[in-house]
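In what follows, chain A forms one complex with chain B and a second complex with chain C.
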Partner chain A sequence: MIFGLFDNDYDEDGFRTCGVTGMEIHRTAENHVKVFGLTAVVALLVGGFFSIGVSMTRWELVGLLGSESFYKWLSLHAWNLLIFWMVFMEIAILYVGGPMVLGRRLPITKVAKLGWGTMVTGALVINYAIWTTSAPDQAPLLTSYAPLPSSPYFYAGAIVFILGSVLAALPFFVTLWQEKKWGEGGSLPLVTFGAFATAIIAVEALVGGLIAFVYAFLWRIEFLGSIDAALYRQLFWTIGHGSQQINLVAMVTVWYFLTHVVGGAEVVSEKVSRTAFVFYVFFINLGAAHHLLSDPVVSSGWRIWNASYAFYGATFASLIHAFAIPAGIEAGRRKRGQGGGLFGWLTNAPWSNPVFSATVFSIILFGFVGGITGVVMGQLQLNMTWSRTLATVGHFHGTVALGTTIAFMGLVYFVIRTMFMRDLAFGRLASAQPFLYAGTMTFATLMLMYMGLLYSVPRRIHSVVREIPGSDFSLSAAEPLMMIFGVFALLAIVSGAAFLIVALASLLLGERKVPGADLVPDGGVNFESDEPVHKFEMRGTFVITLIFLAAFLAVYIANWYFLSRLWEIGP
Partner chain B sequence: MGSPIKPPDEENWWDVPVNRRESIWLGLSAIFSVGIFGWMSAWTRIGDQNPIGETYEISTEEFQEKVEGYMDEAERLDGAIVPPGDDVYVAGIRFQWRGLPVVVETGKTYRFHLGSYDVQHGFSIRPEDVLSQHTNLAVLPGYEWVIEMEFDEPGTYHVICNEFCGVGHSSMHGRIEVREEVNV
Partner chain C sequence: MFETSVVEMLTGVVRQGWRDMLSVYYANTLIWKLLKSGALAFLGVFCWAGGNLFRSYLPGTTFLNYVIAYGALVFFYGPFTHLVIVPLVIRWRRKRGFLNKVARRLSKVNITVFILLVLIVGTYPPGALLLDFDVSSGSGTDINPELACEYNEKTVACELTEAEGVAQVVVTSGGNELVVLQEPPYVFEVSRDVMVESVGQKRFVVELRDEDGSMVRRFSRAVPP
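Now for the complex of A and B:
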């Protein structure tokens, strides 16, 4: 049965033409995308399972786990979702954006396989190390902040996983090199360009991570006598935040790809969108400094310069995509005669297709929830009121759950239909799943933010709302919000499970079905028209982005107001 | 056709005009980006809340001596430390805050010396009655961070450790008592 998942028909040279995208797909590229994608889904299953213990412990009414287990579950939740689910998907995205889009075979497949095996080994070792943590070691959470020791196997696993990721990314770089050497010349497709930007940012992050974990490993095995806590923080965040920037850039690339193939979107300006990716390459990794804003040691000038991505160069790039992608949908659909008033292009879009709905929810929620809060909490002074509270957890559920995870869920649905060629099981549930997950997770995320900002509830803590052990004081004022959070967290877990059920049932039991009209936008993917795309109306998008900017300003001003109410801190 | 999975239609795609509304958006975005940079930067000069202060490298032993010496020297009021001068020492050690509870006066600028005897901690303060007013600063072993604070409202301010420091982390709590006058 498992091998039945790899039996598409290819011509003598190993190619087939995709009925949806028109891409020439080679067997090697397709099979590796499938393997990395499936592995990512397994990581989602594991990490999603651990979210039960995390949320149901923080919801102190339930209080599922004891202190020691809680921190282990939290660590496993973080590593499986934030790292393994994302990075396996991102390697698959590199193989889609590189060889598939360019119509090439995947080069050096042995290296790709070795990379996969190494990554899986690293992931297993990390899971084992966290699960078997015992004193004096502590659960690492995501960061393993030295000098709090974690299991030596944990650092070793991290090093192995990072090396595996670098290996797995190599075939992508070789593909681009081949394309430039033997291809027809000219510019790369935008999706390939975005994947290239992702890969550059990834290598920076991975090299930084390698240094951080080798340093910590050598200290942990007592080769080095001591470790500098501040230096470790700075090194760790090159990968800690850098990996999240990989998620972001990969997600934006997926947005361009999926809005086009299932929504009929077009690139309204190659110049503008490509410039935005170049801005990411230059500036986005500076954002790692966000994690050192409320820290000693680093100077204020260093913090302001880096955390602002050099005058907000990366924020500017994201604002560009925030317009360009919906505008692509709007102009593309107007061109196909699917306009109709200000928002007709959006309301009459294929919302019952989960690939489309997931992509659009990801765009909207990443922007409004994850993006705005990220910039706000990334300001030097505002960071003091966000840092290490549940509001931070709210922020990154806005980015990686509401943004990246929903986009990747859409991509998995797409891969199931177009590469595995399986009908989506439980059709209605599949159509509803992005709505359910987006809705419930948004509520859970907002509650996290409110609890953090309005009631100062810390993150990474076993219990603090109902009772602080050994103290009369507690943060029980946050209890009502915690109740709402608990319910919506449960619903979000159920909605996430619905994704896994649909995906796995489709793969294992679904009928083979050649993808066709159910995925293709009105008028087909390659709809031709004489009118250039930039001449179509983009007023609906303009209104949406103005609303976005207004929301941004409102959140920004509210946060500064809260800050200004504080007592005097600093010179 | 502007497909993202094909090379651009126009060879000279750089010269293709940009839609007017997209151009306006680019302008707004640029103004916004520079604007929030400017505000953040200006607040370090005109604002009263900035996580800025001198950092000193210091060994754990030296810092411990300083803090314990300060505690020995200081008088007590209702079980809380009364700082002899303008300096207040607070050190994290799993799972308590050395130097807390401390009693301080409103309207007086104190230099808080933050550090740790063992691992990283999070120094998170909020007044008992207004939980939305809180601040969170990192505390690192090997470093002494001197950061000024001046409280204007009297009351009990609770300090919680909000960086994971081990399994007993959630019990790490201390107090800052802010009074209009401190008479020993």
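Now for the complex of A and C:
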């Protein structure tokens, strides 16, 4: 049954034409996308399982785990969801954006396989190392901050995983090199360009991570007599946050791809969108500096340059994409004759198709929840009220759980339909799942933010709201918000499980069905008009961006006001 | 001439905006209903929690009670309006007679009831809507012990002072239990040889527990070579 998942009808050269995208797809590229995608889903399953223990412990009414187990579960939750689920998907995205979009076979497939095997080995070693952590070692969470020691197997696993990721990315770079050498010339398609930007940012992050973990590993096995903890922190965050920037750029690339393929979007201005990707390459990784804004060893100039000047280059790029992608959907759908009124283009879109709904929820929620809060808390001054609290956890659930994960869920549905050619099982549940997950995870995320901002409830601690042992200080006032969080976290886990059930049932039990009209944007591939896409109205997008601006200003001004009230001058 | 055209443009924008708002309000497809309900629920939480946040800095500001009331009510009333009231209005407007008459006024009645509810709840806010910000009212007592250690060639000697509220002291190294003290004075001496070395340094942990056995403090110390 498993090997049957890799059977499609290819011509004698190993190519087939995709009925949805029209792309010429080679067997080698498709099979590797499937393998990396499936592995990512397994990581999501594992990480999702550990989210049960994490959320049901922080919901202190349940208080599932003790402090030591909690930290292990939290570490496993973090590594499987922030790293393994994401990076396996991102390698799959590189193979879609490279060889698939360019109509080439995947080169050096042995290296791709070796990369996959190495990544899987690294992931297994890390899971084993964290699960078996015992004193004097500490479970690392994501950061494994020195001088707290973690298991040497953990550092070794991290090194192996990173090396595997670099290996797995190589066939993508070779594809681009081949395209430039033997291709027809001209610019790379936008999706390939986005994937290329993703890959450049990924290499920066991975090399930085390799240096950080090799350094820590040599210290842990006592090859080095000591470790400079401040240097380690700087090195770590090149991959610690850099890996999340890979997620961001890969997710934006997926947005362009899926809104076009299943939503009928057109790119309004390729030059503007490409420029935004270039901005990412230059500036996005500097955003990692916000993790060190409260670190005493870096200078104020370093902090201000990275987090309050350079990072706005990346923010500007995100704002460009935030306008360009909805505008592309609006103009593209109006061009297809699908856009009545102010928002008709949006509401008559194929919302029952989970690929489309997941993509659009990812765009909206990443912008409103993860994006705004990222810019606010990434500032030197405002960071003081967010840092070390659950508000930070809320922010990165806004970016990763709401933004990237929902986009990748949409991509998995798309791969199941177009590459595995399986009908989605439990049709109504499949259609509803992005709505359920987006809704429940949004409220869980908002509660995390409010608990952090209203009460400064700390992160990383298993129990603090009901009682802080040995202290008269109490955070019990935060309990109502914690109750709301607990309920919605549980519902979000159930909604995430629904995704896994639909995906796995489709793969293992789903009827084989060649994709067609159910995925093609309504109105088909033909346009109603020959006018260039930028001639069409985008006033709906303009209104949405005005609402976004209003929300941004409200949050921004409110945060500055709250900060200003912390140190009042005068009587 | 110029002034007239500006006025016309502005009235045109306002008129178009009003028409757009009405069309969004009455849009009745499943996805419209879900999007409107979700957006209003989101706005409701934003206003409720945001209003409470401002109230923590500006206690006694009455206006914020109305923001909080609006947020809490719109969280429920928004979805109720767009999932129940608006579909009813549209269905009943197609009928004749009494239901048609009701439908013509139902939206106005609905919004009036909502505004009245906001005014009433904002004026007399129930305690459940207002978050408590008294963060220093814990029932426990502060425990602020101090641990002082002397590192000799072969042993480490420590004393715990200011130990009120501490019922048990447990000393471990590398997970191995070395000393357990059940009553003051909390003084102990441990041989360096029994301590576990990690990354080139011997370490030990002193865990303090209260009468219930709950950990109240934890000191982690590295032993100088």
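Heads up, the rule we're going with is that the second predicted complex is superposed on the first by the 559 of 571 C-alpha atoms of A that agree within 3 Å, B and C clash if a C-alpha of one lies under 4 Å from a C-alpha of the other, contacts with A are read in each partner's own complex, and residues count from 1 in each chain.
As a convention for this text, a contact is a pair of C-beta atoms (placed from the backbone, for glycine too) under 8 Å apart; a residue touches a chain by one contact, two chains touch by 3 or more.
Keep in mind the model is a prediction, meaning the values are calculated, not measured.
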Looking at the overlay, what does A:Ser55 touch: chain B (first), chain C (second), both, or neither? neither
With the two complexes superposed on chain A, say which partner A:Leu453 touches: chain B (first), chain C (second), both, or neither. both
Under the stated touch criterion, which partner chain does A:Thr440 make contact with: chain B (first), chain C (second), both, or neither? neither
Using the touch definition from the top, say if A:Thr359 reaches chain B (first), chain C (second), both or neither. neither
Have a look at where A:Leu481 lands relative to chain B and chain C in the superposition and call it first, second, both or neither. second
What is the contact status of A:Trp567 with respect to chain B (first) and chain C (second): first, second, both, or neither? first
Could you say whether A:Trp219 touches chain B, chain C, both of them, or neither, answering first, second, both or neither? second
State whether A:Thr21 touches chain B only (first), chain C only (second), both chains, or neither. first
Count the residues of chain A touched by chain B and by chain C, then name the partner with the higher count. B
Pick one for A:Thr347: touches chain B only (first), chain C only (second), both, or neither. second
Considering only the contact definition stated at the top, list the common interface residues of chain A for chain B and chain C. 67, 147, 453-455, 468-471, 473, 475, 477, 562, 565
Residue set of chain A touching chain C in the complex reads 67, 134-137, 147, 149, 219-220, 222, 225-226, 341-343, 347-349, 351, 368, 435, 439, 442-443, 446, 450, 453-455, 467-477, 480-481, 543, 551, 554, 558, 561-562, 565
As the complex stands, chain B meets chain A at residues 1-8, 10-11, 13-14, 16-19, 21-22, 24-26, 28-30, 32-34, 36-37, 39-41, 43-44, 47-53, 55, 109, 114, 118-120, 122, 124, 126, 128, 131-138, 140-145, 147-153, 158, 160-171, 173
How about chain A: which of its residues touch chain B in the complex? 21, 23, 67-68, 71, 101, 138, 141, 145, 147-148, 186-191, 194, 228-230, 233, 256-257, 260-261, 266-272, 292-297, 300, 304, 308, 311-313, 315-316, 319-320, 323-324, 327-328, 331-332, 375, 379-381, 383-389, 453-456, 458-464, 468-471, 473, 475, 477-478, 525-529, 532-536, 538-539, 541-542, 545, 549, 552, 556, 560, 562-571
Touching residues on chain C, where the partner in the complex is chain A: 20, 23-24, 27, 29-32, 34-35, 38, 42, 45-46, 49-50, 52-54, 56-57, 128, 131-143, 165, 172-175, 196, 198-200, 203, 205, 208, 210, 214-217
